[in-house]
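Chains: A, B and C, in written order; residue numbering restarts at 1 for each.
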Amino acid sequence: MSSTKRTNSLGSQIGPFLMDQRAFVALIVLICVFWSMSDTFLTVTNVIIMTKHVAYNAILALGMLLVILTGGIDLSIGATMCLSGIVAGALLQNGIALNFMDKVGYPAAWAVIVFALAIGTLVGWINGLLVTRFGVAPFIATLGTMYMARGTALIMSNGVTYSKLGGSHELGNTGFLLIGSSKILGVPTVVWVMVVFAVAIWILTARTPFGRWLYATGGNERAAALSGVPVFRVKSWVYMISGFCAATVGVCMVSELTSVNGDLGTSFEMNAIAAVVIGGASLAGGRGGVKGTLVGAFVIGFLADGLVNIKVNTFWQTFIKGLVIVLAVILDQAQEKLKNRRAAAAAAASVRTIAAGTQEEAPQATTTA
Amino acid sequence: MTKPFKASLVAVLAAGLALAAGCSSSTPTNSSTSSNPATSSSSATTTTTTGGGGGGLIAVITPAPSNTFFKAESDAAVAEAQKLGYQTQADSHDDDANKQSQLIDSAIAKKAVAIILDNAGADTSIAAVQKATDAGIPVFLIDREINQAGIAKAQIVSNNAQGATLGGTAFATAMGGKGKYIELTGLATDTNAGVRSNGFHGVLDQYPDLKMVAQQAANWDQQKAFSIIETLLQSNPDVTGIISGNDTMAMGAVAAVKAAGLEGKVTIVGFDGAPDAVEAVKAGSMTATVMQPAVLLAQMAVQQADKYLKTGSTGQPEKQSVDCILIDKTNADKYTLFGLSS
Amino acid sequence: MSAAVTAPEATPAGEDGKVILAARAITKVYGGTHALRGVDFDVREGQVAALIGENGAGKSTLMKILAGVETPTTGTILLDGEPVTFASPTDAVAHGVAIIHQELSLCPNLSVQDNIFLARETTNGVIVDRRGERAAVEALMARLEEPISPDTLVGDLSLGQQQLVEIARALSEETRVLIMDEPTSALSAAEVEVLFRVVRELTRDRVSVIFISHHLEECMQLADHAVILRDGAVVASHAVAGIDIAWIVRNMIGREQDELYSDLPGVPGEAVLEIEGLSVADPANPNRIVVDNVSITVHAGEVVGVYGLMGAGRTEMLETIAGRNKALGGQIRLGGRRIDGMSIGERIQAGLALAPEDRQRDGLIPTLSVARNMSLSSLPRITRHGLVSQRAERGLVAEQVVNTRVKTESQGALIGSLSGGNQQKVVVGKALMTQPKALVLDEPTRGIDVGAKADIFTLMATQARAGAAILFATSEVSEALNAADRVIVMARGHITGEFDPKNTTQEQILAASDVDQGV
């Protein structure tokens, strides 16, 4: 490595570097393009607001990343978001009917949040159970739970929009709306939530034994199992974490919108998958990381908000989003090929110089090899 | 081999059970409701085919009940039909033309005497309505028209153009005839999105000092409307008005305006007359909403169906439109679900 | 083992046979490594050329280039003296050059006939001419003297028969040069005999054969000419008539074969791994018992070899010991403690490590680096306060890289950039890193070269001397006799013999492995 740096010119290095960081480069390009087209794009407040919009998809994508690293997929997150939001809305607005006392109990806001998060984790647990114990393919299992979670949310809400989520002092359940409206150090709480999730999941994937298990399970499940990796436990956990992430997003979003109905989060799973893929993860499992996923979420989010900011027609917005996803994947393939071709060319060159046998050239050639 | 197979079989069964459980518990919302006890249930089964006097099955097919509007519409039709002594079956086609077609098939198979339909698309629904008519079942369309006359027995819709004019006028008045505004439009494939937008502009474009700084489609969706408005308020901080193609998007705008600390400084007008929007009007965070008389539409359709079954004619032209009502602070207290108490 | 008898009538022209296919100055570069450096190679009409070399020496690469699977980075291929470029394997086949890969490329769900004519079905315009195809297949099978029905599903055939179907497919299209990459590695002795007979018949019909095998005895028996590759270059080339195995080994690795097996005597201590009355059902077919009431005890410091033919139940037994399969009955004890109820991970913690047979399928994670593959089973050892200590990991991996003599550019290199033998060392290194009391290895030398084999046997012996109990399975009699302190022979799920290798002949072992073949 070090010798390559010495012998190669700066120019021949920039190409591979840019390819390697392509998602990040794409983000910079996006920012520059929008910056040149709108004075209000790169203002502090707008960047904060865009980051807040990104935060939702980023948290979902981080959960999705873990699932994708094991070679699975979680289609249920949009519906899980909705279910958690509906549960929170129902508890805040209607409370719990306590039949034995003929009264209605209103849990405190923190208890509502804990319960909503638990519901999301429960959906994830069911996903994990279906995938491990019952051997259902992840796509099918989570497709099923997607409909079940969405259906449960509709049944519970009966089509009603819950909009009285502020609680009241008499009932002692105020404070729920703080998550969506409060700021810490001038930055919305939701953005801090994203930061916490990103750091936690980065540590989980990059620094813990669990992270090693994840990558191993996605890379070769049989070999991982024979190496002592508790494959079933790993899979159960990733779906639970994904469900927890979805519930977190549901709670935050409902708090911000100050109302919730059964349509919340429809097709959000697609944005999360797109962020993970743009970030360089492989749907086959075993490849990908937190940094890439975050960049992917920022690319999608900044693109969407930037297009609104410069008032591009909605239909074109949809088209452009699709185009970016396809380009990202094409670049991913191109990078693999380029990497192989460059290595082959360098090594071939060294062989030729060895064959020529000139004493001066030989040592130099070996350093490039 | 056999072990995973068994496991997946169990999973399928479990899922089936879960679905079954889900269905039974949802009975009050959208499954068939038994006939009014007044008109003994024994006659119901025998009189369905005759279709003459009261009794028989009326199928009510509407878009997703997750939207309060459609739910109110469906509930009103069911209630009215039961009042008139019919059995009812309420289903949702979720704006899926294919599912709508299947529901029509099933209504035909059950020998329904009439179908009340809020259809899934002006063009895609023509064939489905024709199919029912060919099978001898009269179809009464509510809320949305189809692009062909002479098939359905009645097409009763709220007057979206008139409603949009009402909303546009209220918006212009509240704005004082000047200032910058944003328009949120609905799903472009939905006829009403265009009709409402045109109705708004019919009024607003007459005010030279009212300037539209952005028009974005938020596809009837609250979260999308929220993030669009939040973004647009950054590039256009001097916006003083938001006019929205439906209440769901208007509620997203309300939340975004509130988050930006502009509550009370921005005029917001919606469309539909949804309960939470009316609450917002009462609370002052929204200026007005245009109420579609969903309950009235549904009741009219059922009454005309009843008349048609008994006399062979509705006594009304096929196309009928019912005026919308503006809900603002002055009359919000009288609001009942998609209707006004007198 | 000196040079085996060659077939003199098959080499009438010796060195002077007409060269059909020739490679000139072929170079091939993958990633950053040269698989081949300026290789010259001749194929003579009606002769068998044995291509011999360690894993990673470049044999498979050269064959893939000759068969059009890969294109050379530099160099030319001459066919009948004319330069040719094979754009694809199909193109090569059209020129009369066919390859039979180590991993067979047949569809098990199709019949023999459909496989032979796959992707080149003969039609009467639209409809497949099944009768014509069938006649052709029957003729081919008659030529191979193998009575396999054209309608048999390939999945129902034995591996040896499947190999013959591959050969039949190659023969069905006017093949002049047939390349066989490790054709015998999965065959029984009887099946190898059939294969050799077929190859000799082919050469009589003036077909040239390139034969790759790790079994040097086989090369000596079958080939007319031996070409030896080392590190991507041809280091020696000679008519088989004038050489012996020692010469081949010397050229392959630069040392004598006697050094292959370590001479460290084990001093058996107390019982470490005790298997008592173990019975296992076939995971794919629970009605079939593949291990029937087997008891084995392995002591500290002892190397026990389990010899058996394919289907003898070795792999199933070892995988059950490691915890992948559930036992039907019996006990497994490690250091006196029962482990049969434990998960794989718990058994590893308890001190039992398995190096599985199929490294690609069961041993390695292709997306991970050398270091992360090696440390995967030992994460508890390198975890501090819940986090993986990368410094501790680097230290332990470096230790194992030296210990197992893995040749790798760096710890961070992708596992796929290593040669087969080095990958196998990583698998063994992974097991050793867990500091096992008992080490179980399933065919640890399958598909790897002589040098790597020697390294692995040395490792086993060193571990035993350090007090570990070693249990390994093999399908090579010489390995069982030379590497083990005690040889257990299995057949059809039973133990059929136990031998002290010091006074046992290969014939005795073979006889034991075949005892109840008729059952």
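Methods note: a contact is a pair of C-beta atoms (placed from the backbone, for glycine too) under 8 Å apart; a residue touches a chain by one contact, two chains touch by 3 or more.
Everything numeric here is computed off the predicted structure, so don't read it as measured data.
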Next item on the list: Name the chain whose C-alpha centroid is farthest from the C-alpha centroid of subunit A.
Entry: C
Notebook entry, point to check: Of the chains present, which has its C-alpha mean closest to the combined C-alpha mean?
Noted result: A
Checklist line | Inter-centroid spacing, subunit C versus subunit B (mean Cα positions, whole Å) | finding: 69
Item checked: Distance from the mean Cα position of subunit C to that of subunit A, given in whole angstrom -> 43
Margin query: Centroid of subunit A to centroid of subunit B, CA atoms only: how many Å?
Written below: 35
Next item on the list: Please set out, as single numbers or ranges, the residues of subunit C touching at least two other chains.
Entry: none
Next item on the list: Enumerate the residues of subunit A that touch no fewer than two other chains.
Entry: none
Notebook entry, point to check: Which of the residues in subunit A come into contact with subunit C in the complex?
Noted result: 203, 207-209, 211-213, 215-216, 218-220, 222-230, 285-287, 340, 343-344, 346-348, 351-352, 354-355, 369
Note to self: Using the touch definition from the top, list the residues of subunit C that touch subunit A in their complex.
What the structure shows: 27, 29-34, 37-38, 73-74, 322, 324, 343-345, 347-349, 354, 356, 361-368, 372, 375-377, 379-380, 383, 386-388, 430, 434
Item checked: Contact footprint of subunit A on subunit B as seen in their complex -> 4, 7-8, 10-11, 14-15, 18-19, 22, 25-26, 29, 64-68, 70-71, 188, 214, 216-217, 219, 221-223, 226-228, 230-232, 234-236, 248, 251-252, 254-255, 258-259, 274-276, 279-280
Check: Can you name the residues of subunit A that touch subunit B in the complex?
Finding: 38, 40-41, 43, 45-46, 49-50, 52-53, 130, 133-136, 141, 144, 148, 151-152, 154-155, 157-161, 163-164, 180-181, 253, 256-259, 261-266, 304-305, 308-309, 311, 314-315
